[in-house]
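Same chain, two partners: subunit A is paired with subunit B first, then with subunit C.
On to the complex of A and B.
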């Protein structure tokens, strides 16, 4: 009996050891000095969640018989694809290319999952085609590194029900003070000026971004976590005040209830990014023609600042054997007019290149917005986004923890500032748990 | 992680009913060893590959810590002993969530099993008509996938979308005070029929002579149910209780779905949600340590329950 037990244990350990060797072997990967074309044909895999991206890839495949790209689609990043990427990296079978939002790039970088595209000359030479702040998001603030080719951006503006504002003689707010004043008038009429989302922490980060705040800083030696910076606290107190006075609704965002609140005209405005134009269209179809877009309300009258919400890049994962071809494809996908036009048609992608913002399709009026040329507004906002905003290396966790606190605050338990304070502490302990150096 | 616990619970439960075990049989030479190996090997191999190895790997992962230099320094995994376990025991949200599911289990499991027993007794009673219909009707919710059931109930509880707005606008089923019990309602709805069926099949196995004897002694249906049926289905009740305890500790799908309906369900609402959130960071080592601790806790709880019920049976 003893012997069999021991034999089983030995067999077990061997199996486990084999499994572990198999897992760790995939990790490696040499330095960036190999961005050179391969001999012969190349097949690349690319995982993305952009609807209809297959169309753009089909154009590439038709023109490049020697570099064929296979697209796999999945749910959006934080809804599961990032976790798949991390698992695939751990297992050593990640795709060659992947869709990664700017706020998640540091997370993949800290897990050592990304190739440095600055090794590829063509990519470096393309820097001046992109809006500087999008490039800076993908270079993680460095001068000689790049971890994704910027694809799109989410400059924020104010979507508002122009019909309701006009009928009730309420001026469209241009500052956050005016926004609160309008909120009181609208509440008196039985509506809400907007819905405060407890789950879109990246929207809240966009507000902080606009206010000139920072959540993270990286000096190379250690991270500074500053969720409770002066600007961040100012923004939190502003929204806390609106919540406490019942001037904003607090439906869970992206649900049927939330759509219903917009579709029924109960909620009048949405501080959202350029891609939000499509969300309103699909979520509140009964309000067609009644919406307009303005620049975001400012903290100082006459200010010219905008926040950003979302935007993603196409990154090349560690372990690829075809950095050159992958980078070439990523650059084409995000700079060529044919690809950008296709992406805009299928998914309303708003390009990160200066030339892309001049696409004919972005110069037209949009019926849902009463024929307004809404992209002109966002093109202006895009130039007002600060290039300095830095994302932390564990944003999925930071978002989840701050969101837990925001949800509690929305139901009257604590405040938004409390939520940020807790998120600050839990982010620091998450970093420490993985030995990521952090300044106390 | 459930499987070993489950199989142990399942095989251990019927043993309680066997009473004093029969005298050990004389040893016989094993016949057809080749055939036995051929039949056991497929199971053994799959069990090894999909249970033993992953569990071993998780335990191994939980003993590692990550080291790195600089903000984006390359990570190296080194042996860290019980470092991750120390973090687990310091993690307040995790232990809060354990307390939450225990409270959930203490209330929900007896209610669910009570209902399952009641339904099973009704189905077994000669007084009820339309048995086939009711047996199916009670069982149908179990055929609805848990996620779908949670979405459906989420809509029913919602203050603005529910067809019963008179009620849901006045009672906040999705608020911090009630949402746990709303989830309990979903779980009960799904699993009553399943547990009922296990108890009912156990009732069908009771020999008819016992009933005849009881009737001859002048026992009515109520008396038969209380004094004969319930004591005889005890093993089935213990089995379903253990399944339910395990299920409670591993709650994931229902609360995860309720997150889109209720702001009171946090990302660390149940132990499994904490594990899921930790693995998304990704911090696989800490997530592995959480999993191991949860598996041990489930194991201990199931066995404590078994021990207590067995002692009672012997007393």
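On to the complex of A and C.
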């Protein structure tokens, strides 16, 4: 596998270099007359790595004989599909539609790979069906641009072992101060309150997001990079303190070791997104019935803020001949009750629409969580996510660099703040190397 | 069959070193004598043992893991068996998404089996022609082909994608198959082998008997080159089977995926869709079976061929 990885990395570098050469700084032309229905039958291609998404598409195909959608698939975005999209854009054979996570949208925008859906009236009119912050993830914080239809979201909450907290008389923390106090009590009992992941930088970004921080801003021309903003530093110092005092474990996330730490009851909580419900269920089967979900701990008592981890959109690629039909399909896929129900059943997709959060299946108690209606908690968290968080155009590089620093910090070499400082510098130099304007 | 005899002799000489050394007494070079032999041999065995373990433990882990259900996979000793659920896992894998895994296996067998066959034939013809015919530019062609050996397949994937995009062949069977039938290393090996094992006298004899060049190639030469061809076939089979980057770049439709790429795609989504994990594990175990079978069937020729290539 190591050879494969190295080979992939080498090849990705080559392709990035070629993509760079090929990319030009053309602006997204938004001509309203552009988004018009075509005459005759239309065939669309749609690339997504979500297993079972073709079930939802089959419903559409049955109802829309004149707009047929073919599903194509591949590995998850960062594992190769994004690079494939760039290659296909270069070769002029990109699919009409593609799955793109929120944190990758700015990259495609900067490379001018996406159609501006703001040209389509029906899409713009649907704005109020979505949670405002998911919409701003797709509009990249602008008023006149839209680069995808929000599909799902990952509002964050606190998964905790209600049995252990109860048995030991520890109150469930509602603030980060209480969280640290609980961490000390749990450590005295031999456990860890949570595991700090050195690789899930988007989880850390979710913490910063909750604290009201910003990593990137774009005024339409220049990018501001602010990994070391006041809020970001505050969050980093908080976790650095927990790591330094051995109050959190630092197993590599998503490994068997990590699963086992949860399965054996060594680690008591996980600050994760709504989709994490499924990860615990499958990673810690012996703890069934003992978990509960609460709103995330707050920075200020009585605060109502939540972070977000994950979430994706369905975007339309430059070069499509059927913007109108593609946009229409994307809107149906992510707003109609039958599609959202199907997506939830096959792949536990948590919708980005207000109505979607009220799906009957999301109103039921979940046995693994002692029958708690956990999705009610996440529905509340979803309304508390700030619409101001923006991703940068080179997140893959930012994640990798910050993760390197986090790994070092977890083993006692440097601090999380150091890692952010280095990530700040390397992100700016990467942006400059790609001729993306950076504000000083 | 002179080649086969040659190599048998070469192998034999390694085994017969000791008796020769003993009969010749002091004539044997220092370090090969019977008394000093124990330490180096034990050392070599130790090194080999360590490496064998190093290579086999992951396979052992895979074998054990694929016999467990989800709860046991996490909760029990990773290197020893728990409740035996192997056949349930296999059945679940074969049933998942209408048996797409079996389709992937079939694709891999087609890409690798058929691709290696065509690649071997093309390499044999090319190498034979370069060895046995005199024509202007022969060495230049050979050197260019030799240069091709040095270019890693990964570096060619993207240019190939752009080329195939021009002729609208991406996301088709041919997008993976056509690049797979090219084997510069095969041309190199068959040329060296043909030079050594196909005597010019034999070709003249068959020409005198009235056989055309093509007939001579297929009835006489190809048989003489057989060990080299098996080597080329196996090399190419393994190379195509393991080449996952080309399918990654070329293919979009699930029904065209080879098994390596299909498993990679599943594996990349494990965090989000944990139920894929047992499919990836069992799928990975089953996917090595065709390679093992191919090796076992052809290993006799494989050894002969490798030895020949090395000696000449």
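Convention: the second predicted complex is superposed on the first by the 407 of 440 C-alpha atoms of A that agree within 3 Å, B and C clash if a C-alpha of one lies under 4 Å from a C-alpha of the other, contacts with A are read in each partner's own complex, and residues count from 1 in each chain.
Methods note: a contact is a pair of C-beta atoms (placed from the backbone, for glycine too) under 8 Å apart; a residue touches a chain by one contact, two chains touch by 3 or more.
A quick note: this is a predicted structure, and the numbers were derived from the prediction, not measured.
Undergrad: Can A:275 be said to touch subunit B (first), subunit C (second), both, or neither?
TA: second
Undergrad: Which partner does A:347 contact after superposing on A: first (subunit B), second (subunit C), both, neither?
TA: In the superposition, A:347 contacts subunit C only.
Undergrad: Have a look at where A:260 lands relative to subunit B and subunit C in the superposition and call it first, second, both or neither.
TA: In the superposition, A:260 contacts both subunit B and subunit C.
Undergrad: Figure out whether A:285 sits in contact with subunit B (first) or subunit C (second), or with both, or with neither.
TA: After superposition on chain A, A:285 lies in contact with subunit C alone.
Undergrad: Once the structures are superposed on A, label A:74 by its partner contacts, choosing first (subunit B), second (subunit C), both or neither.
TA: second
Undergrad: For A:38 in the superposed arrangement: first (subunit B), second (subunit C), both or neither?
TA: So A:38 meets neither subunit B nor subunit C here.
Undergrad: May I ask you to decide whether A:47 touches subunit B, subunit C, both, or neither, giving the answer as first, second, both or neither?
TA: second
Undergrad: For A:90, is the partner it touches subunit B (first), subunit C (second), both, or none of the two (neither)?
TA: Both partners.
Undergrad: On subunit A, what residues does subunit B touch that subunit C touches as well?
TA: Shared contact residues on subunit A: 15, 87, 90, 254, 256, 260.
Undergrad: If we count contacts the way the header does, which residues on subunit A are in touch with subunit B in the complex?
TA: 12-13, 15-16, 19-20, 82-83, 86-87, 90, 106, 109-112, 140, 198, 218-223, 250-252, 254-257, 260, 393-394, 396-397, 400-401, 403-404, 407-408, 410-411, 413, 430, 433-437
Undergrad: Quick check: in the complex, which residue numbers of subunit A touch subunit C?
TA: Residues 4, 7-8, 10-11, 14-15, 18, 45, 47, 49, 51, 72-76, 79-80, 84, 87-88, 90-93, 95, 254, 256, 259-260, 263, 275, 278-279, 281-286, 347-348 of subunit A touch subunit C in their complex.
Undergrad: Which residues of subunit C touch subunit A in the complex?
TA: 70-71, 74-75, 78, 97, 152, 154-155, 157-158, 161-162, 165-166, 168, 170-171, 244-245, 248-249, 251-254, 264-265, 267-277
Undergrad: Which positions of subunit B touch subunit A when the two form their complex?
TA: It is residues 48, 52-53, 56-57, 60, 65-72, 74-75, 87, 158, 160-161, 175-176, 260-264, 266-268, 277, 279-284, 286 of subunit B that touch subunit A.
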